[in-house]
Amino acid sequence: MSAGRLQSYVDAILAIAATLLILNVTATGGGPLSHRLVDAWPSYAAYAVSFLTIGVIWINHHAILRLVDQPDPLFVIQNLLLLLFVGFLPFPTHVFADALRTGDGARAAAVFYGISATLMAASFNALWIYASHGRRLLRTDAPERVVKGITHSFRPGIALYATATVVGLFSAWASAGIYAAIAGFYVISGSAFSRE
Amino acid sequence: MSAGRLQSYVDAILAIAATLLILNVTATGGGPLSHRLVDAWPSYAAYAVSFLTIGVIWINHHAILRLVDQPDPLFVIQNLLLLLFVGFLPFPTHVFADALRTGDGARAAAVFYGISATLMAASFNALWIYASHGRRLLRTDAPERVVKGITHSFRPGIALYATATVVGLFSAWASAGIYAAIAGFYVISGSAFSRE
Amino acid sequence: MSAGRLQSYVDAILAIAATLLILNVTATGGGPLSHRLVDAWPSYAAYAVSFLTIGVIWINHHAILRLVDQPDPLFVIQNLLLLLFVGFLPFPTHVFADALRTGDGARAAAVFYGISATLMAASFNALWIYASHGRRLLRTDAPERVVKGITHSFRPGIALYATATVVGLFSAWASAGIYAAIAGFYVISGSAFSRE
Amino acid sequence: MSAGRLQSYVDAILAIAATLLILNVTATGGGPLSHRLVDAWPSYAAYAVSFLTIGVIWINHHAILRLVDQPDPLFVIQNLLLLLFVGFLPFPTHVFADALRTGDGARAAAVFYGISATLMAASFNALWIYASHGRRLLRTDAPERVVKGITHSFRPGIALYATATVVGLFSAWASAGIYAAIAGFYVISGSAFSRE
């Protein structure tokens, strides 16, 4: 399995998962359409946050694969697991957006989104740790500075999502704000990797 | 991030967004199927207009990337934002088509479609201005004539969509006609770029 | 626009349109699930016929692009129009399958499927005629024998689909049988092109 | 038809089919959302099993195409048939998950999933037998050890799925367990191929 072929499959699933998010955006309910379109804003926000989150994973995954010499079987499986969690994201996004709009089960939905995102971040960290530990899969010319930079940027992901998950037990909106902030933080820090 | 990898991700999301449009075409309602299939024509027209609009964005995006030497982080983010708005397009397309068919909230839907399209055009202009200002990201051999041609072709996009949005406040059908005309205009002018 | 980039976009939309077909397969209705799964066979057949039809278009489109030197703007637009009709196919497939199962409006659905397929075949013929007339876009080394073979294979497509459309006015099932036979015919003849 | 173009189309359809699986995951029903999200676990499990099954097909298909010199027309058609069955998988996955949750028609759904998976495994074996018999399509430098390894790994697939299908006549849950075990087995054994 070449790095290029792995990247193509990862790219395709990330692109599809991001684009499918829109299928769950709706403006149902009562009242005139203009009101319903405005009231649906949590759906738009959830779409944007998950879309950008997947976009950041795409940027960061490229940063990783540029450093990897030859994917080995376990690394390929770890990528499949990451894709499994990314491909799942449209469902908790849909659940969370609907719950925020209707107020029904919003905290449960915040926790559910958080668990999904935490597993996604954990699987991303796992494949990076596997590839970078002792420079197992890294190119011999991969700059140590870049390797360390990726490690430092990814590490907080799990803790951030886990924190937002716990916050969701008490306030769905506070939890939603943290998810949006994480996406914003990673859009900025993730873009820094594409500089290399 | 190489221009080729960025193009692949952009192409994938444009292709998916365009193809997902069909999922929102329906022929529900009362009466015999033959009548319902005819009455659903606004859905077919909305599908065609949005499909061709995305196709034009694909053509024009290629015209841009052929001139870009090395995407930098901010350019990658600007592309993500463009994709965010293109990926959103199936929703306002669906809303507008349904509203035209049922007559319920047609003007609100026209304005909603217009706002989405205006944001899409604005994000497209933004990434082009960023790339081309002072020839920031352009290849040294990018012909000035082509650069100017793209600038002249893109600039009216925002104003055209904004106009159609305002028209939508008064007449949904007039607004729909302008959206169709814009798509037609860009199919023709956009195709001119592929000549270079 | 290079032939490779055009091919990538065409391939992506064909692949997505083919895979989206499954989303319209359902086994709703009354009775035990085992009966409903059996009664849904027209949906499976419609899925298979449209999936293979798109697969054949993919094979044949490759046969064309291998002969094309440099796509020009009008050729790119003609490809967009072909994609517009292929991307539409999931809708008439869905309508036809449902109508065959319920018996409601089956002939209208057969005609509707036929019109869609005829337009698709016409747009495919149009882009081939444009590219091959006077060898306008063909490589200088494109063998005349292959060019003639493609022309002979494509030409009957429009008449075949138009015939099935007219037959649909009288019998939906006879029309469905012709659509299946056309797909089967093109799977076999289309595969012959990949031999070149 | 080059091996690279065939691989791209196969990859695209596998990626789309895997990602579409999430659209059928729902948490409908009565009770608070937190309960519904927990009760929906068969949908998550079905998503994971089918997603990983498709991922394994992707890995194994690469292992095959790396050995194939030049796809011939019949091989391309066999790939279309494999894609037809893989593209169908989201439907039986959806049916099976719903039946396990509601208990309505679970055994019929288990058998239906099994028939679909058996046909998929059979079409995969068929294309491999066609390509490898007498080394018909294999590169002259394809190592016999790898060829034999693929044959040994693929052969049990049909029997395993057929067994699970028969078990489904008596117990849907036992059948579901076997499908999960097959996916797990192939994730591990399939990953071994990417070692080559």
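As written, the chains take the letters A, B, C and D, and residue 1 is the first residue of each chain.
By definition in this document, a residue touches a chain if its C-beta (ideal position, glycine included) is under 8 Å from a C-beta of that chain, and two chains touch if they have at least 3 such contacts.
Being a predicted model, the structure only gives us computed values, none of them experimental.
K.L.:
Touching both subunit A and subunit D: give me those chains, sorted by label.
P.N.:
Common contact partners of subunit A and subunit D, which must touch each of the two, are absent.
K.L.:
Could you classify the subunit A-subunit B contact as same or different, where same means more than half of all interface residue numbers appear on both copies?
P.N.:
Since fewer than half of the residue numbers are used by both chains, the interface counts as different.
K.L.:
If you average the CA coordinates per chain, which chain's centre is most distant from that of subunit D?
P.N.:
So the chain farthest away from subunit D turns out to be B.
K.L.:
Roughly how many whole angstrom separate the Cα centroids of subunit B and subunit D?
P.N.:
36
K.L.:
Round to the nearest whole Å and give the separation of the Cα centres of subunit C and subunit D.
P.N.:
26
K.L.:
Would you pick out the residues of subunit D that each touch at least 2 other chains?
P.N.:
8, 12, 16, 20, 23
K.L.:
Which pairs of chains touch each other in this structure?
P.N.:
According to the stated criterion, the contacting chain pairs are A-B, A-D, B-C, C-D.
K.L.:
Give the list of subunit C residues in touch with subunit B in this complex.
P.N.:
1, 5, 8-9, 12-13, 16-17, 20, 23, 71-74, 76-77, 80, 83-84, 87-88, 90-91, 95, 99, 104-105, 108-109, 112
K.L.:
Note which residues of subunit B are touching subunit C in the complex, please.
P.N.:
By the definition above, subunit B touches subunit C via 7-8, 11-12, 14-16, 18-23, 25, 27, 32-34, 37, 44, 47-48, 51-52, 55, 58-59, 62, 187, 191-195.
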